[in-house]
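The next part holds the structures, each set out as structure tokens.
Below are two complexes that have chain A in common, paired first with chain B and then with chain C.
What follows is the complex of A and B.
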């Protein structure tokens, strides 16, 4: 109903001076620094524990930043209309990528021995690892991680600044520019997310390999950002922003995307498991064997329940996705599941060579999660407080405000 | 044609949406244009095509008869290559059959309204392609009289088929896909059959179309049920788009054979299937829309969008090839590495490079808008994609020729009967397809009407400009 669109009041897109969003950047930053610092203190001499906790939290929050980038890229590449009003929220997550790039550097310059010991110092008898030292060596790894950080930062900054510039000038050429860049951005995104997943997570056990590994991480990433966007939209509206702009229709679509990519994740994760289980080649099954014994089978079971079975039935109905409370419950379940997924992939690698390979959690897991999350949200809330939370002069904004599901 | 000249050009290309149907036709114009091929009898091109198709259908029947009489030895299969063209053709045709359901179900859920011009067409193609595919598992088993053992019926010896065999999963996956696609297609056809019935000038036509129209009267209640059924079938069909080719990929990937056993196979096969399916839609739609004068309904914009899907899925296939190669090296497994080096530089290198050039390089031309909008370029490139995707399955299957035992390595050469069966399957496909374009509306009339500007409830509001109306109609469909 075009006639109604003009009536939508967008004056609440800008956080007022007394808004809580003005205070949040500092609060989150303090929480963030304190969280990481406390985690470092609690582990004592067990630096291995610290780095594994750090990596788990990092991969979770990297999904949010990369998810924001992917959401914006796919919006431009498909000339989408409906998502315009939530695009700035995604852009504000995307713009945490420069920070996330920096947060990878401690891993490269401090955590290599603890995390990637098997290939940083390969045993002379370990022929399989010896064969791949051309790829898995500290120097090349460092170059790759810096390349990811540079690519993510460049894409994020370009898309963010162009979008912000359009707020002021309203120049449609900027939209053309972003659309032209988006397909190439998607290619870079696909390559960097794949190799980042291989480098950070798959190489923890350098004997094991799976061609679908990057796709599994991507599935979780898109699911995570759709859930985060739904929750953030509700938080913004609770604090008086975009009260009429984001409607049930947008939440419904975000819920559908979260649901769809939850199922997509289940599809690729199951494919990976089933094919390896069926072929039963020892060098491949060992990875799952570590993750299906010593208490990890319970983690795997909870992962299956929360990452597929429960949300599949819970979020299928449109009524669930069109009510804020129920959608929020679904989104929280999916985000918890995504953290469990990261934990289940990463942490058994730490314990599998230890005397006690049993599943356990450390307080540092929680503290690094809060810490890195605090830093990411500090950047996010800083952007919310500093600029309008909707792309104010985007040519498709009216279409988005207007949009209805059938 | 309606008297109002099109004013869509006035739309800002960014803010507005281009019209989905050109020439601003009225509802009646659409009906007339789509139904014309079924009401006229004088298409010489159609008759020529039909006779050729029927000839090759005959070739298929003779090939199958000879195969049944003589046994699978008439094919070029040998000891390491126990699976030859039969499985290649099966996967090829199942892949072609992916575009229809993707267009009608997945693009429906994504609110891609441009799909209305091509969904009927693509779904019909899907059904015929799946029929062609189903021929091959039916005939390649050697003992055709025992083919019903593939179904889970206890046979006379009281045994069951092996439920752990992906070949059995194939039977379930493909037959489910066929059933749901057929239902989806038929549900969409009901209102159009009613239109044909109501326009029928002979009693026989009225009776025939009337039976298939199931008493459709176009009442509010009918439409409400119809829309509900459509949405539900779309939701059911969407996972099938992924599952069918995933299960087909399991046929290979559950094995321990290097080159077959790799975890990316399921999504990689699905992307390849959509890639080949869209190429086949282009190959068929480009001549059909010209012969039957539907160029204003299936116009350059639709072809361009399909080219974009081909670019996307072709790039995904390229990603999968690259990952396979990278991980073959990364695995450090010499057998895995040998298989891939052998593919690229061994006996079948020629097939491998045909596959790579057709599947990875061809779609890259679609980065350019000029080429995406050039109908002849699209037609030629779509044929290259079809060829490339057949060779992809050939390359994968030929991993067999150099197995773990070098003394048994052998080179597969197709025989006359291999080739005649493949060509014959095209005869089967085109016989069905050509019958379809003459007897069934090849565009979903009711759905196309819903995306016309006139379908908007605000179309007649006097206070809006024509441009507003057009824009609104597109926004609301």
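What follows is the complex of A and C.
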């Protein structure tokens, strides 16, 4: 009934020749390569520092790629209408997964000794780790990581290419095909993100285990992609794309998703903590003990504040989520919190066996973050510049443009 | 013998578009005690009617705060004040152990706030309503759209209000009587 119904102009879905998006892929690629290279230079002989910084940044940006995949899968599986107009933006993040798969290979072929020393070269007396070498060994790890990369690439390419094909043909059978694949894709997604979180992050301290670990990473992942989509939508509109297509209603829903999965993360992360704290079994509590002493307790406190307390009260009101500026502030807080989460999980493992277990940050942390981020955004902006930023002939695009919250 | 008293007027409209524009005009006239009745949700009607945001979220927030306070207080009083016991060598006030109960009580009272707050704001349960005396009003659950204006509204004038509703495109306008015994 409102004024904009059925009359949305989508001619601004394609980036024009003079758009900044035509230049961004190259700029981001240069920043990306320079960032990773500079990080490698600044660490000098301390390759351990490089790989820990690399892994922290990698897990953050992997959240964005996997989040895009999950957003697209859940959109098709639930036959969603509202999110159609922002689905292409999520697809453009999803299609960074082939690159992210490649970026995992340096870890496998270069960083194993520095990152996973405890189980790559297990001590003969370390019965805990000896018992796990059937799963945690270099060969099987390599096979698994390559399998994740292949699965993510295959799902991402299929969903992207089918959606792009529909831009041209408008064939609703393509939408039906993606809907049929989506539930199986979700099962593969759940398995790969869980195993990837366990392999990349939990196995840094192979004595420790938590069955909900993959779910905690997933919670942060969905929160991150909802925040990234909201911020990207604003960036696209500021550069003249989708000016009338993305409305307050879509931002409101992305804000709700980010808020919901921020709370979900807090729920599962606290569940993980409370059970271990309550049972108080030494080989379990030691993981939290390292992360709650020597300055890491401040990181944990900031994480609690920025990943739950502050955004919970700040983003609860609908008025906050329906204004671009306040939603952007909330989204940035959540993304900072997600990086702190990755840092707090990964980096104490580097220092806990060293002489100095204190919290510290290295310039390589920043440089790898910018570097991997640059490479991911180079692929993203390349797709923005090359194709329409909305699924132009999707059968539910009109429904999405007309969408209103009650 | 039941007294009959004029409750207000009822106007029938044929399309969502008609009732949408009629509501905008009634809102702009400044009426307060009136309502719209449609067989399905008409998007944007609440702003056309000038309805203010629902009070229910505030009731839910109050319920959640009460639940959280009650949960923490209950556990603090029982575990620290009245029956302090050392459990697994932990402090008396072991807040992580108190979080689940506090969380669940917040959710419980927030849900009470949502359900009973919604019923209260809607004045439910109401067992009967003067509008049900109208035969034509049955169309509100089929294919007709209605506006009712109550006689207690300060702007209400039986003749003028009915004339206004006709001018707004109502296909039928009638008086609604209330039976009092």
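FYI, the second predicted complex is superposed on the first by the 401 of 406 C-alpha atoms of A that agree within 3 Å, B and C clash if a C-alpha of one lies under 4 Å from a C-alpha of the other, contacts with A are read in each partner's own complex, and residues count from 1 in each chain.
In this text, contacts are C-beta pairs under 8 Å (C-beta built on N, C-alpha and C of every residue); 3 or more make two chains touch, one makes a residue touch a chain.
Quick caveat: nothing in here was measured; it's all calculated off a predicted structure.
**Student:** Just from the overlay, do chain B and chain C fit on chain A, or is there a clash?
**Tutor:** They clash.
**Student:** Could you tell me if A:20 is touching chain B, chain C, both of them or neither one (first, second, both, neither)?
**Tutor:** In the superposed model, A:20 contacts neither chain B nor chain C.
**Student:** Can A:366 be said to touch chain B (first), chain C (second), both, or neither?
**Tutor:** Touch partners of A:366: none, neither chain B nor chain C.
**Student:** Once chain A of both complexes is superposed, is A:157 in touch with chain B (first), chain C (second), both, or neither?
**Tutor:** Touch partners of A:157: none, neither chain B nor chain C.
**Student:** Output check: A:127 vs chain B and chain C. Expected answer is one of first, second, both, neither. What do you get?
**Tutor:** first
**Student:** Would you sort A:278 into first (chain B), second (chain C), both or neither based on which partner it touches?
**Tutor:** Once the two structures are laid over each other on A, A:278 reaches both partners.
**Student:** Which partner, chain B or chain C, touches the larger number of chain A residues?
**Tutor:** Greater contact footprint in residues on chain A: B.
**Student:** Using the superposition on A, tell me which residues of chain A are in contact with chain B and, in the other complex, with chain C.
**Tutor:** In chain A, residues 2, 274, 278, 280, 404, 406 are touched by chain B and also by chain C.
**Student:** So in the complex, which bits of chain C are touching chain A?
**Tutor:** 16-17, 20, 41-45, 48, 88-89, 96-97, 99-100
**Student:** Going by the contact rule at the top, pick out the chain A residues touching chain C in the complex.
**Tutor:** Of all residues in chain A, those touching chain C are 1-2, 270, 273-274, 277-278, 280, 404, 406.
**Student:** Using the touch definition from the top, list the residues of chain A that touch chain B in their complex.
**Tutor:** Spelled out, the residues of chain A in touch with chain B are 2, 81-82, 127-129, 131-132, 135, 172, 175-176, 183, 187, 190, 194, 209-215, 256, 263, 267-268, 271-272, 274-276, 278-281, 283, 395-396, 398-399, 402-404, 406.
**Student:** How about chain B: which of its residues touch chain A in the complex?
**Tutor:** 12, 14-15, 17, 109, 111, 239, 242, 246, 250, 253-256, 261-267, 315, 319-320, 323-324, 327, 329-333, 367, 458, 464, 468, 471-472, 475-477
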